[in-house]
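Take a look at the structure below.
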Amino acid sequence: MKKHLSKWIALVLAIALLLSVNSAMAESGKKTLTIGDSVTFATLEPFQSTSITGVAYNCLYENLASKAATGEVIGYIAKSWEKTGDLTYNVELYDYVYDSAGNHITAKDVEYCYTKMLGVANALYYASCVATGEYTVDLTLKDDTMGGIENPLMTVPIVSQAEYEKSSDFMASNPVSTSHYIVSDYTSGSSISFIKNENYWQKDESLIAPVSRANYDEVKFISILEASQMKIALETGVVDAIENMSSTQVTEFLDGGAKADKFQTVDISSGMTVLINLFLSGVESSAFHDDVNLRKAVAYAIDRNGVAMGATNGLGRACTVFGSDYSGDAPDYYEAEGGWLPYNPTLAKEYLAQSNYVPGTKLRLLAEVNTSRAAQVIETYLNAIGISVDISTPDSAVYHANYNDPNTYDFAICLSGFDYNSTYWYKQYRDVGRGYSRHGWVDPELHAAVANINTVQGHTQENINKVGKMFDERVYGIPLYNQYLYYTTNRALQYTDFNWTVTGYLALWACTTK
Amino acid sequence: MLKYFAKRILWMIPIVICVALLIFSLMRLIPGDPARMLVSRDATEEEYLNKRVELGLDEPFLTQLGKFLTDTFLHFDFGKSYMTKTSISRDIGPRMVRTMELGLLAAAFAMITGILLGITAATHVKKWQDSLCMIIALVGISMPAFWAALLLIMLFSVKLQLLPPSGIGGIQYYILPAISVGLYGTATFARQIRSSMLDVIGSDYVTTARSKGLTEREVIYKHALPNALIPTITIIGGFLGQMFGGSIVIETIFSIPGMGLYLITGINNRDYPVVQTCVILLSIIFCIAMLLVDLAYAMVDPRIKARYASSKVKRNK
Amino acid sequence: MSANEEMIRRLAKDRLAMLGLLIFVAEIIVAVFAPLIAPSDPFAMDFTSMLSAPSSAHLMGCDEMGRDIFSRIIYGTRYSLGLGISVVVVSTIAGTIIGAIVGYFGGVADAVIMRIMDVFQSIPSLLQSVVISVVLGTGFFNTLLALSIHRTVGSARLLRGSIMGMRHMEYLEAADALNCSKLRTILKHVLPNSFTPMIVYATAGIASAIMSASTLSFIGLGIIAPTPEWGAMISSSRNYFIEYPHTVLFPGLAIAITVFALSVLGDGLRDALDPKLKN
Amino acid sequence: MNSKDQSAPFLEVKDLEVFYSAGKQKVQAVNGVSFSLQKGRSLGLVGETGAGKTTIAKAILRILPHASATVKNGQILLNGTNLLSLSEERMRDIRGNEIAMIFQDPMTALNPILRVGNQITEAILHHSSMTKAEAEKHAMEMLEMVGIPAERFGEYPHQFSGGMKQRVVIAIALACNPALLLADEPTTALDVTIQAQVLHMIAGLKEKLGTSMILITHDMGVVASSCDDVAIVYAGQIVEYGTLEQIFDHPSHPYTRGLFNAIPSMNIDQEYLEPIDGLPPDPTHLPEGCYFSPRCKYAAEACKTGNMPVITTADGHLCRCCQYNLVAKDEKK
């Protein structure tokens, strides 16, 4: 038996060696950084929605403008810009911008990139971009929404047109850009590795924007989809940092937690706000259609702190305003300590009595897998005052389809990120193009008000309060809580000199190492 | 015999086309709309409709079907993924290799451990080795692959920190996934080999072998085992089916970008071309694997090979 | 009836199969009387004891929503066993009908249906269930359908095989000679004799149906949270099974024990029904 | 039980007892068998199925299944050495080399997935130091000897008929020129015409190679055509032992008589054959005294107790029966 056993084991080892695809990367003396992310890195193509490459997108491509440490928008590839017409700006580029293959970036390339991006990405704020000189372009906005010129300047990737058209798969696997980092190794669906671009075009250190600083020689992004695997990878040292650990896992890594000695965690939700909302459906088939009492009953019946506690183990902050507390432009007239429509079950019962809700009818609550805990907590609060709920948590594709058809639900939980309340109200309550808002509310007066405060001149505190009051009467939606967004890294990293509130993400590669 | 297998390969073509038809129509029945997944949640109706036109989803069902069939089967062009707009055939190549490697390793693990368990059980009937091996086999059958994966990760990656918990790289990344997928196979092999070994050990030609004065080991490994292995070849087919299915779950847990993960991401994003390509390729690989199993069965057992040969001879007259 | 007594006597002698039968019956009782047995309501949330380890209050601890895992596992037997048995029942009936028609009448019907079955069998079983389950959506009956299709093809093919084998047997020709109607022949002669392989295939079927159902739930299809299905329970606590292993350990054990019992029972039945006894 | 021994017997079996344990019961297959065999002679072991004939042969070759069979006592002396006391390793040198065995059902006696030639060379290579080529040449000679064209060396067992397969089995057995050939009902599974050829061929080879043989059968015709001595076996005991002529001319044990009466004889046209009534005893609990007594016409009180004496009959062969003189009186012939 033994002679045979050894033969079998030898066979297994032979097969194993035969299959070993690529040997582990040699650990050179250089400073390396490995970041775990839950995106699939399916393609590195410049003109795409950023969810495919996540934070790594900022290592791949640069934009015309960037954010300074102070938060002010500064020119990067563009030297400066000034308003020349009602909606047009003339942007002047630096004339010494080169990509890693040595191509000289000119206005023609910028025009090409902006036109290409228009055909691909969505929800952009500019209408067109035309080259006027060797290093000047005219950028025309779609309308005078808030944030005007800054957004287009900071979202479009800049690559050389010649290089892009030369690449067989449109730079999906071998991007060439002006970035401070060059892609050294890429396995689709698994990992991207960068090395520092030694002859980076911006030689003047003082002009390099915080995000574009390259303080590590090698940076590697690894795709880990399974949340528990992400945590294990951090603990076993496979990765140095991970983003957005789930609330139940992160408690150990917070200060004072069991693992706080070896790891550190920072909450960057002040920069990148993730708001969880309960939107009521306004179509005829919805129970909330012209029944403001029921809407108010539901608003008062839900203790937003309880929901935050239940859904995120206490690692979330209940909304006290109609919108996110972190955003600067919130109505400022709430006097009561609980802020907007504070939790008051008795008042909720009164409103419920006045509403035409028939006890026993089940209100259809639509939620996603990652918001199902919040839905289950809301169900208990509504059951407490006598409203019964039927939760459905379909997979994300079905959720997307149902969420966009208000007839399929009475109310829906939606998780979304955003910067300012005004832009957020505008998106959620504007007229979608057929006389009613996204959730089916027909309210021309509100549509107009929300559109107005989203413009540069309409964005005043007085207008915001006016709109705030309109929401208080209508209660079309109930903002629930802000979920804290964490970055967890091992103690070797430090990032105090990087202002993430400004960029909304933590560019670890740009932080000075210890 | 080649004529028989040629016929079977030819017969595979209509089957694969039917599979393509089936999956194409099933995808159109699936709730949820790819265009809706691509535009942001706050997009306007008009942006959504443009996206539908861009993806060609607004054309009538039959035109889409016609275009799909001609592309796939005439030009062998699987088209572009909705999500990443990259060509699928380029993306799916390395992924198919990874899934096949995982499958090969899982099959090797399952067969080697299965044969070892089966032989020890069969050669020590009614002794403690027999019941021990069969208990291990029963445990192997009853443990769900995903649960086994989680436990293995907990033990080997977290507690002992011997093996990497996820990702791809050298062979050590494939060991835990292969074991979780192969566990079910180990159990089926062990039980099958034990029962066929017991049949074979009782048969006359084993007694003849013993009467020749061969050592017990030679009798078992030279005469009994080869005959016992033949029926086990058929269950390799069943095991491969289960393995292809299982890879969907295991690749998600271990973040191995193989066909399973590509398919599941495709389904979640309603990426029709990706799902269609994965299902078609998986069923082709599965059919070929089953064919190879039958081929192996015929090659190994002269009696069956003769039957094919004779059928061929008869036809020539 | 002596053949059946003989079979039962042989089955009773197989201690492992008896253990399997015992566990199976115990689980059915637990499933039926779940409300009486379960210490607390499986859906009741108690935020104070979120993810608490097994304690006297909660025998198997609590899950991420503070629900008692022990009662959820007890209620879970309804879904897992219920699904397993109903999948087998549905697919055996459907398989028998198709198999009988195809097997006995043969000719065009046989060729067409066999080719359709080839198409279904050329797609791996779990892959098939995943795709169909995505089409139908989640929930008990949709999962039941998704899992039954593959098993129906299997049992139909099995029955067709045994019918084809028996068609040339004398007693069937004798039945034709007495010009009994085709249906009566099938019901009276063919089915009872192909009864044995179907029974063995069915018991093994319950085990693999439970396994596939829990796998489907694990990837978010099939039966999903908040329903206390074992696979879904593992899936919803897979993000923190390292810190709180009890949330994954107990549901997994429940699946393993059920599938173990059914496989052992299936083996016992096969050996008891199959005259060629293996020692 | 040994007949007149001119020289030291080539093979001697003394008081061999073997039983099988199946679950709690003990099957007493062989209950004190003794006989001896001269070099070059062939002994026929005759008896109904289940009488323990095959067990005796397997005991000699020591290939009884370890798990269930146990040799309670007895000796098997081959040229003086007791095979039962040999080490397994030493016994293996004898198996296939000095003692060989042919089995009953040729259809399953050959390994279906090994070429016929290789199954012969395997035995040769194992026991001799020949090179592979020499072994193959010798194997082809063996095939020719058993009447199979050498070209079929590379074919598989399923390409041979029953008779041809039995010839291959014989070729395998005689490949190493064994001193003793144990043939366990070699022709029972074959039809009559093939049976005669195979028996004739075995007899020829026996002469040519001088092999002594123990032929196990329940067919008196086969014994008559191939054996020198005969031992009648009943319920694990030899009830009558003698030369062919002695047994055929003067069957003296009632069971032997019964066997002969059960065969239709060519010259007398009999309406009814006389079957031996009753069934062979249940080996798990054998009757007291003479095992044949329940079915014996001459059974008397004495037969029921103690073990039967072995007496020498008139013409000098042995018979285990206490009513011998009664039986001898009404000898039919």
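A, B, C and D are the chain letters, set down in written order, and residue numbers restart from 1 in every chain.
Rule of thumb we're sticking to: a residue touches a chain if its C-beta (ideal position, glycine included) is under 8 Å from a C-beta of that chain, and two chains touch if they have at least 3 such contacts.
Since this is a predicted model, take the numbers as computed values, not measurements.
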Which one chain sits nearest the middle, judging by mean Cα positions? B
Weigh A-B against B-D on C-beta contact pairs and write down the one with more. A-B
Could you find the chain whose CA centre sits the greatest distance from that of chain C? D
Express in whole angstrom the distance between the two chain centres, defined as the mean CA positions of chain A and chain B. 38
For chain B and chain D, what's the span in angstrom between their mean Cα positions? 54
Chain A to chain D: how many Å between their CA centres? 90
In whole angstrom, what separates the CA-based centres of chain B and chain C? 22
Which residues of chain C are in contact with two or more other chains? 134, 137, 238, 241-242
Going by the touch rule set out above, which residues of chain B reach two or more other chains? 30-31, 125-126, 150, 158, 252-253
Listing every touching pair of chains gives A-B, A-C, B-C, B-D
What part of chain C is in contact with chain B in the complex they form? 115-116, 118-119, 122-127, 130-132, 134-135, 137, 207, 211, 214-215, 218-219, 231, 234, 238, 241-242, 245, 248, 252, 255-260, 263-264, 278-279
For the complex, which residues does chain A have touching chain C? 226-228, 231-232, 246, 248-249, 252, 309-310, 313, 369, 372-373, 376-377, 380, 391, 393-395, 398
Considering the complex alone, what residue numbers of chain B touch chain D? 125-126, 203-205, 207-215, 223, 226-227, 230, 300-303, 306
Which residues of chain B touch chain C in their complex? 12, 14-16, 18-19, 22-23, 26, 29-31, 125-126, 138-139, 141-147, 150-151, 154, 158, 195, 198-199, 241-242, 244-246, 248-249, 252-253, 263-264, 267, 275, 279, 282-283, 286-287
Chain B-facing residues of chain D, complex: 61, 63, 67, 92-97, 100-101, 103, 105, 108-114, 122-123, 126-127, 156, 158-159, 169, 172-173
